[in-house]
Each structure stands twice: as C-alpha cells, then as structure tokens.
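Paired with subunit B in one complex and with subunit C in the other, subunit A is shared by the two complexes that follow.
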Partner chain A sequence: MTATRNHVSVTSEGVAPARGESGYMAAAFTPKMLAGAFGLVAVVVLAGEAWAQLNSGAGQAGIMTTLWKWTPLILFGPKGEFGGFVLNIVVSFLAMAIGTISGLVLGLGLISKFGPVRSVAWAITQFFRNSPWLVLLFFVMLLTPFQIRILGLSIPLPAWLKATVGLALPIMANIAEIVRGAVNSIPTGQWESAESLAFSRLQTLWRIILPQCVKRMIPPWMNWYAILTMATPLISIVGVNDAMTLTQDALASEQRTDLLMPMYALLLLFFFVYCYPIARWTIRLERKYAVRI
Partner chain B sequence: MTNAWTPDQPIVSIKDVHKSFGPIEVLKGVSFNVRKGEVVCIIGPSGSGKSTLLRCINALVPIEKGSITVEGQEVHDAALDKLELRKKVGMVFQSYNLFPHKTALENVMMAPIHVLKRPREEVEAQARRLIKKVRLEGKEDAYPGELSGGQQQRVAIARSLAMNPDIMLFDEVTAALDPETVKEVLVTIRELAEEGMTCMLVTHEMGFAREVGDHIYFTDRGIIVEHGPPATFFSNASDPRTRAFLSQIL
Partner chain C sequence: MEGLWDFLRSLHDAYGINLVHFYDTFERGRMLRGMWTSIKLAAVCIVLSVLIGILGAWLQGSRFKVLKAVVQGYIQFFRNTPPLVQMYFFYFALGPQMPRVVNEYGISQPMLGSFEWAVISLSFFAGAFNIEIFRSGVEAVQRSTVEAAESLGFNRWQIYRYVVLPLAVRVCLPALNNNLVNLIKTTTQAYAIAVPETLFVASQIWSDRINVFEMMVTLLTFYLLLVGIFVWLMTRLERSLRVPGFGQ
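Take a look at the complex of A and B:
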C-alpha cells in the first residue's frame, strides 16, 4: 500500500516537472505520513492483540482475523443492500454535486446587481454557513416525507438521500462564499474592458469572469469536499447503513471490548486513505495557482 | 470654455458635464466637441478628471449633470442602450486588461463573435488582419502573460478595432510602459489617426500630442483651462496654469 502511494505521487510529480520543490516535498512527505498512519494502526492492533491474549482464553479469533472478517461489510455494506463506506462516498459525491450547483447559483445571487436578490442570497448563505451540520441533518430528515406522490405515483425517499440533501445545504452556502470571493478577486479592469466591448453583464460573467475564477475556486472547493467526506459518518445517527453504523453493528455482534479500538482505527484508516491524497493534491494545486494568477 | 470651438458636425458633443465621486467633484462643467476624424488629446495633471471624462463618453461612468452626445445620441439618458453605444465607441486602458485565459487572437475575436454575433470564419480573418496591422504577426496564439506590455497594449488596440468602432478612446495607454515600448504603441495609434479614425487620447506624451493631435485640451481640477491646435497651444499658452504644467513636462 505504501509503495503504491509512493508511486502515485512520483507519477504526479512527473506530470508537473517544473515544480521540483513541491514535488519533492510531496514525494518525501507522503510515504512518511502514510507510514505514520499505518504505524498508528499497527500499534493499536498489536496492543489489542496483547490485551486479548492476556484476557481471553482460547476460542476467540485473533484481532486481525476479526477485522478482516468485517472489512467487506464495512466497506461495501450488507449483501444486496446499499451501504458501507461506498455509501459514504456516494453520499459525499452527490452532496458535493448538489451543493456545488446550488452554491454556484447562490453565489451569483450574492453578487447580483438587484438588491432584493442579494439580500435573500445573503440570508440563505449566512443561515446555512452558521448552522451545525448535525442539526441541519435532523431538520431535513424530519421535514421531508418518507415518500412523495407525483401524478399518483408514490416515490419513496430513502433516508440516505434525505441525509445527502441535509449535508448539501452547508456545502451550498460555503461554495456560494467561494464563488463570491473568487468573482470579487478578479480585477475590476476585466469588467471594465468587457463592458467597453459591449458585453452584457451575464456574458461578462459567463465568458470572462467565471472562467478565470475556476482556478481560484478549485483548491477551496476540494477542501470542502474533504471536509464533507469526513462529515458523512454524521448520517449514521439518522439511521443510514453507512460505514460508521456498520462498524457499530459489527462491534455489537462481537461483544468484545478489545475490538473497540482496532475497529474504529480501521474505520479511521478508510477515511484517511481516501481523504489524505485529496488534501495533498489541494495543497499542491494551491501552490501551483498561487505562483501564476 | 464658453467660446468653445464649434465644428460642422460633432461626432462627440460634451456640454457642461458634471461628475462627482462622493463629496469630490471631479468634473465641474466640461464642454467641447469632437469632429469626425479628429484626433483630440486631453492633457493635464493627475486627478484633473481626464480619465473620468473618457469613461463618461462610453457610459462606464454615469454623469450627474450636463449632456454628452455620441453621433447625436444622448449618453446621459436612463433609457440609453449602453451596449449599442459601446459598439460604436472602442476603449483602450492603461492596464491593457486583456482576458488572461484567452490567446491574443481569441481576445480579438471574442467580442465580435459573442456580442455582434458575426460568423466565426469572417471574424477570424479580420482578427488575423488586425494582429498583423498592430505588428504582432506570429503572436496570435500567445497568451497575454507571455507578451510584453507594449505587445499586450497593441493586442488591446486590435481587440477594440475588431468591433469596427467609429471612435477610439485611449486612456493613458502608454503610462504603464517602459520608454522603448511606448514608441511601438504610439506608432500604431498614429497609423489609426492617419487612416481617419476619430481618436480621443488622455496622454502624458506631449511630443506625440503635438505631432498627431488636431486639438489639445488642458484640464485642471475638473475644468478645461485652455485648448487649441498644437502649434498655438504648445508655443503660446496664455493661462499661467497651462504654462506651469508645460514647463514641468517639456
């Protein structure tokens, strides 16, 4: 695993040969950090093994064996059902997509020339940026029905979908702020020259301003994606079979206190392995775009 | 000011224009006319309202009082179609303001394609001619970041010309350039003037104003202090403020 990660970062360094220093940093840093994470898990597991050998007699499976046994369930959910770590990832993708599209619209509302639109957009943004995610999640779960009826057809709304919407709301508000900030960071000369070439405001935004914003928005956008992914275990509280719920289920069925630490460490590792490369990549892009605007 | 020079058919007519930014009155009643094909140079110390005046002409900046007409159309009018006005009035800025995510050629092509909705092939042919005209053949695919200041400014001129404007406004277009590159931009502007383009320049290049300008206006603290054709303006300035300014500059 370590070797694989090392390989990936070396390859991406090859993509951007001009950034020798940052590439070197990433290449040197990544395996070290990963080794640290694996070391942590190893220590926890070994400590658990030692504890287990001290406390339990024969007839109990080893910790590694037990972890291995539960890994497919925690990663992919129960057979034939949608769940596990995969569900966390799907929820993070969907919530990010919904949040990005609605956040873009909301962000354009924030810079609208029309006062009332700006005020409404501002209120929505502030409300969702300053609300605890868990409370928002409950709010959406309880507000939306179990199913909706369209033309006599009842379509069930699964809990995970509602949870996705709940997580998309704070993302939307934060993306809106990113959009507003990026648009405002474009020099006014760009607006002036577009105006003097008879571009309308909408054309200016779409063809001239927003394309220049994309670069500036990608690093903070990715940062929010990582934050969102790490927040997805929140949905376990509202009864969704995500990796967190399944880890707790596994622990409940094993009834072994010596498994507590290793099991949660395993879950942490899943998230770490997924989120850490995103964080590294974000830092690299930030550096890259900071050099030439 | 009151004995303003009167042309036969003013393409731009400015009458008693007032403009304030907050408590600061930048233009305090400016009036003059510009004939078609004329090259007008506006000179004066910084903060005298020169750039603001240019920006009022293509409605980038609204005026509070007075009247500006471009080809007989009132600019100081809430119902004005600003976009229609700006199709007729090209503007080049001190800081070039090229679109950094587009190549030189794309910068020139964008407005005719998206604003005028002209066919791409025709626009591209014209854009290539314009790039050649400003002596940047071979730089079509360069991004603004890869061009020098003088080259960027010439692309900006080509970009404005691609709209086939009737009037060109130049707002201190050489002020950000180093002395060697100033010349290449001035040569381009002079060629335009010789072709009969109506040009209004805010400039600190006195030599250029004297050589190319048909009429010089000297502004100070929001009013036109003195004006006249270059020959008389530069040698026989009567107002003490003009003389003081010219003695510092020349």
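Take a look at the complex of A and C:
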C-alpha cells in the first residue's frame, strides 16, 4: 500500500504525490463539499446583505439583486463582444490545445536519439517551465505585433489570442515533461520486443509506446488543465476583457464597498464550480490508472 | 565596475541595446530594490506556507471531524480557485474592512499594506498545497514506527514532532520543492496589487525608458537564477537529510 501511495504521478510537477487518497479523506470529499461551498458563499452574501441593510439608506438595491444583475455580464461578457467567463474557458481550451500539440513535439525532442535535438529541447523545456507565467505573458503581449502582414494581407492579432499563446508556452513545457516521463515509464521490454519484431524506432514509438502512454498521461494532463484555467485571470492584467476585468468594471460602476466581498466571492465561486469537478475526476482517474505494485 | 557600466553605455550608443537599468545609478537602485522585495516576499511566503503545511497536516490527523472538515474545506477552496482572484479578494475585499492606523507622519493608512496582503494570500495559497504534500509524507511513515513511539510514552504532538515529521519531510521534499518553486514564480502576481517587486519595477522602467525587450530578458534571467539557486539549495538539503536505507 505504501508503494502505491508514494507513487508520484508521471510528471515531476504532479503537485502532490496522489491528490487526496486514504480512507477518511475520501469520506470528506463527497459532493457535500460543493454544497458546503455554496453554503459558504450564501453566508457571506447574506452577512453582507444584513450589513448593507444596517448601513445603507433606502434607494439601494439589495446585494443579491445586484449580484444577479451583473452575473450575465461577468459570465458572457458585454453584448456583441467576446468576453467574460466564457472567454476564460475558450482561452483555456485553446491554450491547452496549442500547449498539448507543441508539448508533444517538444517531449519527443526530449527523448530523441540525436544529442543536439535533445539539448535544445531540454533548454526550451527548462526555460518555459521555470519562468513565471505572468512574465511570459507580458513577454508575448508586448513583443508581438498587434497585426501581421502576409502577402499584403494584414491579419489582426487580438489581445486575447496573444494572451492564449502566452499561456500555452508554460503548458507546452510541462506537457513535454509529462510525455518524457510517460515514455520513460514504459518497460524496456516493450522497446526490445518491438525491435525483435523489426519495427523501426518511429513505428515503435507511434504504434506501441505512445498508445500505452496515453492512459498514464491523462491524469497529469488534466491537472495541468485545471492549473491553466486558474491562471487565465492573469490575462486581465494585460488588458483582456475576461471575467476578472468585468468584475472590477462592475464594482467600479456600482461604487459600493459592501459589494466588494460578495462580488469577488462570486467570481471565486465560478472558478471553483468549474475546477473542483475536474480535480475530483482527475483523482478518480489517477486511482483507476495507478500502477499497482 | 565603472568600466562595465561604460561598456554597457557604449552598447547603447553603438547597437541600441538599452541596458539603462544597469548603468544608470537611479534605475539600478530601483531594480535592485525590486529584486530584494521579490526575494523577501518569496522567503517570507516560503516559511509561512511551510508552517501552514506542517500545522495543517497535523490538524488533519486530529480526531475532531469538524476540524478536519475545516482544513479540508480550506485546502479545496484554495486549490481550486485562481490565485490572482484570491489575492484580489484579500487586498480589495478584505483590505478595506481592516482598521486603519495613523503612521508617523500623522496620516491615516490601512493596517496592512499591499506587501503584507501579498504575503498573506500567497502563503495561504501555497500552504493549501503544502498540507496535502505533508499529509502524503505523514501517511508514508510506517504504522509500526508510530506504535513504537506510542509504546515509549510519547504523546500525540511529540510523536508528530519527533518521529513522524522528520521522516515525512524527507519523503515529501521533492514534491515540496516543486510547490515552493511554483510559489516563487507566483510571487510575480503581486504586481497586480502594486507590490514593488521585480516585475512591477521592471514595468515601470520599461515604460520610462522604452527598453521592453532588454528588460524582459533581464527579468527572465533573474527568475531563472532565483529558481535555479533555490532548487540547488533544496537539492543540497535533500542530500544532507538523506537517511541511509531509503531509496537507491
């Protein structure tokens, strides 16, 4: 049992070895947690409501009403524009797709037989893994043009697209590490038997090794997706109309201090409701795919 | 030193490589103060988050269901919400609720400044991960070891302090290392609440001197060095704490 518990997921950045296992943890982890979170926010909101009732005169809308009024804006962005929480999700999907594909290529570079390719891939991986996300985001935002000209055709690069690329870079490096770890976790016997069956290296990799890796890569991959989603509010700092920006806009237009806590709590809740099930699902898959020793 | 600054100045004149943040005394001072703030921020957060981790992991072994549920709620909340929004929540929503104090110039100011709030929010964020990490280490300690300590008359806290924790720390050092590196990288988020750390100062310099690219390279180098030194120290610690008979 100790062996499975110590099993560190294939990525070295698997945050904690095995997220929430053991018996009593599992018991405390029921969907009750979600209900609890809702309850907590409700308490905060109600307390704020009571506070507002005591402090404010007539003519001010209640906290619940105000939150309800702004929820569509924060979730879906201004009418006819692309923004809000939906933008956070779209950015996270796109950045994950870009990061996964480029990370796969980079990861195969990390296990290349050719030395120089391996060194270059290693350098790229280390660079993007160890740089702060926000600095990389600034790097991409400020040092890429706002439009590109190809064959006399000028293609605008919207800020959110550049931000997506900025977020995809660290994901790429971490996915590369996951790929390398997964390939290295396949027993050597698989390589040897493929060789004895006259498979080329490329064929072995593509038809024998990688298909076996997929299962091991899914939990850490999902873990990184959750981390990425929680990093998307960073794009508000570089001026994209995401849920964070819109929450602050709503607060600025309301000019009420009693709204500060409930509004931010609401935004936290949006992210929690989206990310918590992913985290739970990841733990389940991790347990299902765990290598039993 | 002067010679180096002159060389950098000539780089600017000859090639347009603007490293003004090195050769200009004022900008250099600004940048060094920013780097020092980053290092201080990272160091304080590392210490506090590790303390939270140790305490939380101990509380999780407690018999009281309510206490365990509270710790569990804290972990899940901080692990599944964006650290930036947490920081905003602390600074913009909780900050104004705090009592105000009068400083030495007779001006009323909030009790906690942006640096303190950054410390609090980042420590809580990393602490939530640290609890899970320490817990995994605690669980890896053999039951028989704990029983042996019990039979020697140690109480619950003594067992944790003298038997379980020293063993657990060794098991979970690699995971802890990862999380603390992540914490160091996350300190850049303090930029959003105007803590004068490296990224914030760098953005001021590049807006004043229009040397975005050079500043970016300096920034990335600084963080790579910071993380590199930290990882090196942790590896040394790991090696010096190694218990013979475990691992390879």
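In this text, the second predicted complex is superposed on the first by the 260 of 293 C-alpha atoms of A that agree within 3 Å, B and C clash if a C-alpha of one lies under 4 Å from a C-alpha of the other, contacts with A are read in each partner's own complex, and residues count from 1 in each chain.
One rule holds in what follows: a residue touches a chain if its C-beta (ideal position, glycine included) is under 8 Å from a C-beta of that chain, and two chains touch if they have at least 3 such contacts.
Worth saying up front: this structure is predicted, and the values here are computed from it rather than measured.
Touch criterion met: A:M244 reaches subunit C, while subunit B stays clear of it.
Of the two partner chains, subunit C is the only one that A:A226 touches; subunit B does not reach it.
Touching more residues of subunit A than its counterpart among subunit B and subunit C is C. When the two complexes are overlaid on their common chain A, residue A:Q203 makes contact with subunit B while staying clear of subunit C. When the two complexes are overlaid on their common chain A, residue A:E192 makes contact with subunit B while staying clear of subunit C. In the superposition on chain A, A:L134 makes contact with subunit C only, while subunit B stays out of contact range. On subunit A, the patch touched by subunit B and the patch touched by subunit C do not overlap at any residue.
Those residues of subunit C whose C-beta lies close enough to touch subunit A in the complex are 68-69, 72-73, 76-77, 79-86, 88-89, 92-94, 96-97, 129, 132-133, 136, 139-140, 142, 171-172, 174-175, 178-179, 181-182, 185-189, 191-192, 199, 203, 206, 212-213, 216, 219-220, 223-224, 227-228. On the side of subunit A, the complex with subunit B involves touching residues 187, 189-190, 192-200, 203, 207-208, 211-212, 292.
Listing the residues of subunit A that touch subunit C in their complex gives 2, 5-6, 8, 12-22, 24-25, 28-29, 33, 36-37, 40, 127, 130-135, 138-139, 142-143, 226, 229-234, 236-237, 244, 248, 257, 260-261, 263-265, 267-268, 271-272, 275-276, 279. By the touch criterion given at the top, residues 58, 60, 82-84, 86-87, 89-91, 93, 95, 97-101, 110-111, 114-115, 145, 156, 159-160, 163 of subunit B touch subunit A in their complex.
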